[in-house]
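In the two complexes that follow, chain A is the common piece, with chain B as its partner first and chain C second.
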Partner chain A sequence: MRKLTGSDILIRAYLVLFFFFLLAPLGVMVIATFNSSRFPTVTPWLGTTTKWFDALFNDPQMWEGLVNSLIVGVAVVLVSVPLGTAAAMVLDNLHRQARTFVYAVMVSPLLTPGVIIGISTLVFWDRLGVKGGLHLAVIGQSSFITAYIMLMVLARLQRLDRSQEEAALDLGASHPQVFRKILLPYLRSSLVAGGVLAFFQSFENYNTTLFTRGTDITLTIYIASKVRTGLTPAVNALGVILIALTIVGAVGYEIMRRREVARAAAARRQAELEEIPANALVIADAH
Partner chain B sequence: MVQLYHRYGALLATLLIAATAIWVLMMVVLPYLVMAEYSFHPNLPMTQQGGPNDVYTLSNYASLFSGIDLLNGELPDDFRVFLRTIWGSTLVTFISLVVCYPVAWHLAKAAKPEQVGLLILLLIIPFWINEILRTFAWYIILAYNGPLNSALLGMGLLDKPYRWLSGSGGVLIGMTYAFILFMMFPLINAIETLDISQVEAARDLGAPEWQIHRRIVIPHAKPGIAVGSIMVFVLAASSYIVPAVLGSPGTRWFTETIYIWFFEGQDWPRGSAYAFILLGLCVVFILSVMRIFRVGLTDIAK
Partner chain C sequence: MSRDVSLDRVTMRFASYVAVNNVSLDIKAGEFFSFLGPSGCGKTTILRMISGFMNPTEGRILIGGEDMKGNGPNKRPTALIFQNLALFPMMSVADNIAFGLEMRGVDKSVRRRRAEELLELVALPDAADKRIDELSGGMKQRVAIARALAVEPQVMLLDEPLSALDLKLRQHMRAELRAIQRRTGLTFIYITHDQGEALTMSDRVGVMSRGQLEQVGPPSEIYNEPATAFVAGFVGENNVFTGRITEVAGGQAVVETGDGRLIGRNPRGIRVGTQVVMLVRPERLKPLAVAGPTPENPNVLSRSVDHVDFEGAFANVHLKQPDGAKPLSMHISNDGSLTDLVGDRVFTVGFAPQDALVLAANGA
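Take a look at the complex of A and B:
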């Protein structure tokens, strides 16, 4: 054990400060939920209460937003997973030059601001006579979520041993059989992971939804409108529930990931782990 | 393409190509092109669209800049908002980089592995929490009668409560808080791949700590810095909810201006033109960063 030097102490103090900055605001929001005050705050403390949860559960708008968010999320999964998989397979078969160009076009939605995806979707479909609404939110969100699925499937596709498909064809398998019995089982883990992430991306999307939703509300639209007008600690109560779910999700994901790491290390399949492109995860969350 | 038909047969291959085309054309390329085309139209009532007055014009773009009077230092409102958005986003990007770097270095190389797992988890949790909620948390903290003012008054650092939410300060703090982890993860990913023996060699040869960072770690972390900067800048420049919640009419953001032209001014062509200008700003930033740091698109979407 080496002795703590001055710079060690400094970096530790810095880390503590950084994590305080990161986590304290969430703590404040959680604590404010239980304050009796009509306005969300922690100072002054007017007594401890759980009435804001009741207020939240009795708000029909919240339920409407929640149901809409679930519908949109499922629809986005149903649209983006097949499209993203198809796009990855087509891209994987393109020749070098075309490939670079098509790849750039396909990843461009990941770098495009969510508001602009929303606006271009709105304008494009309006010119075709389609007005805003949940259906347009699905199309707008799928535009960039598909790109993310495409990257995940592509990463896995590039490690597929093609001789398996060749062997199957030589032995008389039909084309649909090659697809169903070899390719799909091989891609399964990517498709499941992609589907789960697509759902959550959709569920928490705000920027694209803001422009495409028409007059429909999703849960994020509901939260944003409550934060801007008619603010009561009922919004905090919703925040507490979402934070709790996030913690459960993050811890669960971490446990699963570590198990996966341990299992893969044992089986010496380390390469398989880099399946989900690290930065793509960050980029996908950006919308 | 030949391979696709060979393996999966004509029917399946055609379906795959059709599905790809639907996504790329109907959901990516055409919406951009139509929005671009639309932005060159004048704002006309439905009955006059396609009529003699419906001619291509640059006026929607020009309107952002019209009225600039450099001699008298007068700037039109929309242009002022545009400049504020560029300046504010740049500042948020820079602050995020400076704040993240020591933490990223520590987590990637200096800390013990068993500690790192927990700390990464502490990063992931707020990262997964919705941007609106994270912004809302700061709204509570910065409120006039909120905990920050109470604490500062209690410590005697302030005489009277400060209006945090009336200037740009609240917006900048909120954005840094909302987007800082988009800098953190790319930085950690980049620094992690550095071979620690390079650092040890430099240390053994007597290089001071700051030289090690300047000559070894930072050059190695370039792709991470590039990706992080792109993410934070684009997110900040295109953020709607943070300025809407933490700002005031005097600190309007360009996205809010676009929203107002669309849904309050009912001037969609101008809104489209402004959206296109915002997209142009982001593209210019992305291309500059890619050039300065010499990274390619595949490094970014890695």
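Take a look at the complex of A and C:
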């Protein structure tokens, strides 16, 4: 093995530190879940337990917050994915100046602090007589999550081979048919990824939700209130469950993706092999 | 059923740029017609206007005598095969081929049967359930042809569909496209910058330059009787002698060139005193036994060999020109007489007056 240079050592040290800062708090949080101490802590270790999971499942407020967060998350997906897709399609067809302007308008909520989005959403709708609640949380969150979707869909749209749409038109498809049969399947991966992103953005949102929620509580609001009124490891137990779900989802997705890549590569090799007789035929014809 | 296509004084402008300039042309039903020209000559614009993706700024496009104005690409009896084929990667081969039928609301079982028939026609019988990314280049080509044929177009439009294939496959697909055209009897309009493709496949070729049709005719006429210096230069190789006409008689012209006094055909009747080019194909330049010009062999040059490219069936002998001008090119058939071509040997070469074509110099 070749000798490590100074910069190799620096890079490795950096990576180790990077992942330590990223993962260590999660590790501590997970371990603390199984400590029977009343406070979420690793030291002193007062005995191993799973009672905080029981405590979590028996907390009605937690359940209410979770259900509300799920409702808001799904609603945000339903609002922001179609809107973001439409915005991306408009933007993709605009000429340069109009495009720059619309782009700036669409992206500006991403650069605005969530608190300000929350307050301005509340003030705006209050004037129109709409009070705070889950519906307003959906609107407030969607106003910036839509921009994420737009950026993701736009990135994929810009890589679209326009001749695909033209070929469909040429074969007799109407414009709605082109959208349904060509564009939507092409955008599918972006839409799914965008939907997942939108859901998690909504699920973890606190700032905007805090101002728009009215009297309803979501999971983040519930956790924050616990921090103020006395945090117990039951919240850690919730974190452990969410981490476990995330890992299972990511690993499952990766396994499926690898299988798909391997299958496509094998099929292509097969096709290249089958091409050889066709070539041989040409050579035979030439004689 | 196939239809004829007419361009009636068609002009296409993009802002101040004229892509197609006042082109009129009748393409017969069942004809294999090629537009040949360098990139930017307007041939793709013509194809896109016929298929309906663009509307001409002026003039009309008629298919089967019917003005196509206002009919989008999905309302025309044409099918376009794209340069990059534009197959749908998210659909199976059969679904690609049946796409046009699906859009027309044809039953699923009928679509499937039709797709299988067409796969049979393009010699891909077992590919129906394959995915597009499982196909090789030649197979994709065949699927694209089958997909276009599925909608039973009356005119097939092909935009350089062979350019992505390797040489062997390209030659094979030429023959196959021609065979499919004969079998279906459809009007084929083919776009290419490859003279070999245009000459081997077409009934007629239209050579384009800078938005205008320079010449329309059968391949042999395009090659043997080019109407302009551009056509002569774009289709095939030439030895070019520039000079001024000093004498005109009996359909021939005497041209005073830097290589001396040369005699060639003057089919356009160009007048004495005009600046012209005299064009001689490399296969018409021949080694001669005589030393100087005679009444039977008026065009004689003595040149030493610059280098020889051995091409297999023939050798391309490059002969040094005075003043370091572009060497002359002479094709000598590999018929057994090919020996002794290397080194500083001096050749006496010549060409008959009927093998030299006198045309107005470019831009004159």
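As a convention for this text, the second predicted complex is superposed on the first by the 222 of 287 C-alpha atoms of A that agree within 3 Å, B and C clash if a C-alpha of one lies under 4 Å from a C-alpha of the other, contacts with A are read in each partner's own complex, and residues count from 1 in each chain.
Going forward, a residue touches a chain if its C-beta (ideal position, glycine included) is under 8 Å from a C-beta of that chain, and two chains touch if they have at least 3 such contacts.
All figures in this text were calculated on a predicted structure; none of them were measured in a lab.
**Q** Tell me which touches more residues of chain A here: chain C or chain B.
**A** Touched residues of chain A are more numerous for B.
**Q** Name the contact category of A:161: first (chain B only), second (chain C only), both, or neither.
**A** Second partner only, chain C.
**Q** Scan A:101 for contacts with chain B and chain C and give back first, second, both or neither.
**A** In the superposition, A:101 contacts neither chain B nor chain C.
**Q** Touch check for A:57: first (chain B), second (chain C), both, or neither?
**A** A:57: touches no partner chain.
**Q** Touching A:181 in the superposition: chain B (first), chain C (second), both, neither?
**A** Touch status of A:181: second partner only.
**Q** Using the superposition on chain A described above, determine whether A:83 touches chain B (first), chain C (second), both, or neither.
**A** First partner only.
**Q** Per the contact definition in the header, classify A:169: touching chain B only (first), chain C only (second), both, or neither.
**A** both
**Q** Would you sort A:20 into first (chain B), second (chain C), both or neither based on which partner it touches?
**A** Touch status of A:20: no partner.
**Q** Take the contacts of chain A with chain B and those with chain C, and give the residues found in both.
**A** 169, 174, 278-279, 281-283, 285
**Q** Provide the residue numbers of chain A that touch chain C in the complex, in ascending order.
**A** Contacts found on chain A: 161, 163-164, 166-174, 177, 181-182, 185-186, 188, 264, 267-268, 270-272, 274-275, 278-279, 281-283, 285.
**Q** Which chain B residues qualify as touching chain A in the complex?
**A** 1, 3-4, 7-9, 11-12, 15-17, 19-20, 22-24, 27-32, 34-35, 38, 99, 102-103, 106, 110, 117, 119-141, 143, 145-147, 150, 177, 180, 182, 185-186, 189, 209, 227, 230-231, 234-235, 237-241, 244-245, 255, 258-259, 262, 268, 271-272, 275, 278-279, 282, 286, 297-298, 300-302
**Q** Which of the residues in chain A end up touching chain B in this complex?
**A** By the definition above, chain A touches chain B via 7, 11, 14-15, 18-19, 21-23, 25-26, 28-29, 32, 40-44, 82-84, 86-87, 89-91, 93-94, 102-117, 119-121, 123-124, 126-127, 139, 142-143, 146, 151, 165, 169, 174-176, 178-179, 204, 206-207, 210-211, 220, 223-224, 227-228, 235-236, 239, 242-243, 246-247, 249-251, 253-254, 258, 277-283, 285-286.
**Q** Enumerate the contact residues on chain C facing chain A in the complex.
**A** By the definition above, chain C touches chain A via 51-53, 72-74, 78-80, 82-84, 86-88, 90, 99-100, 102-104, 130-131, 133-139, 147-148, 150-151, 168-169, 171-172, 175.
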